[in-house]
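Please find the structures below.
One chain, chain A, appears in both complexes that follow, with chain B as partner in the first and chain C in the second.
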Partner chain A sequence: MPTKMRRSLLGYLPVDSPIFRLHPMTRLLFLLVVSAYPMLVRMPELNVAGSVFMLALFKISKVDLRIIKNYKMAFVNLFFVIAIAYTFFGGYQPDYRVLLKLGPIKVCWENLRWALVVYIQLIFAILIMIFFLCTMRERDIVVGLRALKVPFVLAYMAGLALRSIGLSIIDFNTIREAEKARALDLAALPFTEKVKKFGMYIVPLVALAIRRSDEVSNALDSRGFKFTGLRSGARTDYILSKYEMTKLDYAVLAAMGAFLAAIIVLRLATNWLSLESSLLYKI
Partner chain B sequence: MAQKSVWEIEPGEIRKPGTIHIAIMALLIGVGAVAGTFGSLSVPLGYGVTGFWPGVAVQAVGSIWFGMWGVIAGFLFPFISNSLAGAPLYVSFAYLPSNLIQGLLPAWAFKYFKADPRLTSGRDYLIYIIFGVILNNILGAAWAVTALQKFGLITVESVPLFFSGWTIGNGIPSLIFGIILLKALSPLVVGHRSFVKGWWA
Partner chain C sequence: MADPVIQVRDLKWRYEGSREWVLKGIDLDIHQGEFVGIVGPNDSGKTTLAMCLNGLIPNNYPGVMEGRVIVDGMDTREHSVAEIAESVGFVFPDPESQFLSMTVEEEVVFALENRELPKEEIEERMRWALELTKIPEDYLEKPPYELSGGEKQRVAIASVLAMRPKIIILDEPTSMLDPIGKTEVIEVLTEMKRRYNATVIVIEHRLEDIAPLADKMVLVYHGTVRKVAPPREFFQGVDFLLEHDVFPPDVMVLANELRKRGLYDGPVPMTLEEAEQMVREIVGGVG
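== the complex of A and B ==
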């Protein structure tokens, strides 16, 4: 029997994914809290452990790992950018160990090591972001914001903004199809022309957005919404009432909070998380 | 008789924020996110910095047309586009002031100098080029590279590389697409109820 899937911001997820046992607010806070870990920890071993933990979470949550493959080019590109930035523009000090000389450029171990530290740190941070996009839906973000008591107008705006990305993509495809119907062969265009062409799509996209803003605004007005919320005053948040915080949510939130607090304390009070404690700095 | 400025409030005209502004801001976030993601993926330089970012045209022009609604959309959509392109959340946070200034400065300049968004004179073009192409992107790039350097993501020596990448990668699209957007759509927008003459309405 085919698995029933649920659309997320970045693909599809099986309906029976364990991640759906968590309240959307917990998942939203996961992004905000866990994203702080790689920002606070430089030590590459811990960031590798964090990346492995994230990959395990991908697996447990039944996320299609092919999505990470889509980011392959981004990871490769990032590696080259960081490596070039740190080897060719990394500076030089007399105590640096020179690994390679390319004319006037000295490739030093200290610069390369720093590039590795930064790269590993970013990989962890990017995996957190991809996990969030893979496991959240537009509706989850709105529910998460409402559960965090974010004002209605902001939560509504966030929902509408996320929805409008989908609408813009549909518009984008419509424009492209119309051009193809007029015999435009995109595959035959050189890269620079393709980039220029894609950029030009902004004009019809903005024009369509302006036209659509009238429809959305009229729909809001006709349903009794006003700038600050509902004209009729407070009412039950229907979607929010469909979700409930469970013991699992509280446990996950407590663990995330405790971990963050531990990182901050260790960072301030000890040098256990410092780069000097890393194996890379003992080489 | 001299033509009236589009920013001038007509006698008896009452302007206040409404649902149309919420709608236009949300939709602008959508368009910006699509344009920004495409740009971030097309010529990537790393950390969400790109050699060609058409999203900046949406920031500058959206802010000129829709005041603070465009400015807010302009600093929110890069969160989405950077995330989709694979930039960490804290890097997107670090770029927030850059994205704010890239929209705010041209919006302020057009209002302050009473320039016409329809670009009806050489003066209007000049104001857009100075504040919507050059100054805003230089200030945005200066903040962004400072933040990246403070986070330890780039070295002091590589600052000029990222600075020039940001300035050129934003400057060219805001010059080309910004002017096209203003010329093509401003006549429609200034007559639309979403057009913001002050900052909020």
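== the complex of A and C ==
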């Protein structure tokens, strides 16, 4: 029997994925809290460990790891961008070890090391974001925000914004196909022509977006939606009532919070999380 | 007869920036429980009239309005669309454009949450609407925009039905659907007619599907109402309809031609059974 799948923001996930045992609010807080870890930790070994932990979470949650492969070129490009940025704009101190001289530019080990540190931090952060997108639906985000007592209007707007991204992509593809059918294929044109003719895509796309927002506004009114500002009023939260926080949620939240607190304390009181504590620093 | 649930009196409307009236003095009464089919050629003002009936015009569109529209006792000029939505549900032609939520379940309960109904009642109404529109339970967590055209429109109808409005307006609900989707929606309309005693107003081009369901047909042409009659009477004047760019089903046109040639003097058939009866009469009871 084929596995039943549930669509997420970035693909599909089996409905029996253990991640669905967690309340959407816990999953939303996972993004907010765990994303802080790589920002607070400089030591590459810890960020590599964090990345490995994320890969394990991907596996446990039954996320198709091929999704990460889609981003391999982005990972490579990111490294070059960071490396070039630190090489050219990383500054120079007399005690830096020069590896290579390219005219007036000195390629120093210390700058490359910083590039590597930042790159590993970003890889950890990106993996957290991919995991979030792979395991969350628009509905989960709205429910998560509503559970956090975010006013309905804001939670709903967040959901609508996410949906509109998807709709705009569909509209863009429709316009592109229509333009191709009338012999305009930007892919075949040189870059300067692409830029010049991009308006051919943008104008109908903006017009469609305006029309869609008009339609959504009519649909909202027709379903009795009254804008009451940021007050949620007595609006019934039926969907939220379908979800319950369990002991597992509280345990995960406690662990995430404790870990974050520990990182903040270590960051402020010691240099254990800094680059100086890393093996990389001793090279 | 009881007072009409919808009263339209000398309604004129033109959009801002346009000199031409889209509606040019419409008078129309619709009673509680009636199933009304509104037909007419493109750009005759059908959709504009429908939007006048749920208050989108004049509340959401700039323009000039004359005359009055009273819906369930509410003057549409004095009440907001949200207030009128307490009595009027509106289904748009494009199912995707009316979706407001990310799952079928959220979509169907959205209006009920707005109305601050108790959770138990929301649950009960949602199940009832899904059952009436034949939407399976396992669709609840699916995104509505991933369904087929007919399923999407059925979800849109379920979302409106769950509100249990006195009046439901469906603006060309099958116009953007494939034949299977059209059939699915017509089946839902048939079920609504059978089980839900609301006033239903359908703007539709598929006359052969609407005629058997309708209690009253309305012909709108160039912003005016040209004919209001029960379907049987409405379709007797096939030539009149053709003159107004409304194309009745072929079997009605055939019956009309046969009547003109003196080969048939019965009523214009409304159903397949009546068409069969007509053929039997013409061929002299063969078979």
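Operating definition for what follows: the second predicted complex is superposed on the first by the 263 of 283 C-alpha atoms of A that agree within 3 Å, B and C clash if a C-alpha of one lies under 4 Å from a C-alpha of the other, contacts with A are read in each partner's own complex, and residues count from 1 in each chain.
Criterion: a residue touches a chain if its C-beta (ideal position, glycine included) is under 8 Å from a C-beta of that chain, and two chains touch if they have at least 3 such contacts.
All values derive from a computational prediction rather than experimental measurement.
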Following superposition onto chain A, is the placement of chain B relative to chain C best described as a clash or a fit? fit
If touched residues of chain A are counted for chain B and for chain C, the larger one: B
Have a look at where A:R6 lands relative to chain B and chain C in the superposition and call it first, second, both or neither. second
Would you check which partner chain A:R212 touches, where first means chain B only, second means chain C only, and both and neither mean what they say? both
Which partner chains sit in contact with A:G224 here, chain B, chain C, both or neither? Use first/second/both/neither. second
Who does A:S241 touch here: chain B (first), chain C (second), both, or neither? second
Angle at chain A between chain B and chain C: what is it in degrees to the nearest 10, using CA centres? 70
In the overlaid three-chain picture, which partner chain does A:L31 touch, first (chain B) or second (chain C), both, or neither? first
Quick check for you: in the superposed arrangement, does A:R139 touch first (chain B), second (chain C), both or neither? second
Touching A:A178, do we find chain B (first), chain C (second), both, or neither? neither
Contacts for A:F89 in the overlay, against chain B (first) and chain C (second): which applies, first, second, both or neither? first
Given the touch rule stated above, what does A:M39 touch, chain B (first), chain C (second), both, or neither? first
Just to confirm the value: shortest Cα separation between chain B and chain C in the superposed three-chain model, in whole Å. 7
Footprint overlap on chain A, comparing chain B with chain C: 160, 162-163, 166-167, 212, 216-217, 220-221, 225-226
Parts of chain A lying in touch with chain C, wherever the complex brings them together: 6-7, 137-139, 142, 159-160, 162-163, 166-167, 212, 215-226, 233-239, 241
Show which residues of chain A lie in contact with chain B when the two form their complex. 10, 31-32, 35-36, 38-39, 42, 71, 74-75, 77-78, 81-82, 85-86, 89-91, 111, 114, 118, 122, 125-126, 128-130, 132-133, 153, 156-157, 160-169, 172, 195, 198-203, 205-207, 209-210, 212-214, 216-217, 220-221, 225-227
Residue positions on chain B within touch of chain A in the complex are 17-31, 33-35, 38-39, 41-47, 52, 54, 57-58, 61-62, 73, 76-77, 80, 83-91, 151-158, 161-162, 173, 176-177, 180-181, 184-185, 188-189, 192-194
Can you tell me which positions in chain C touch chain A when the two form their complex? 54, 56, 59-60, 80-82, 85-86, 89-90, 92, 94, 96-103, 105-106, 109-119, 122-123, 141-143, 145-146, 159, 163
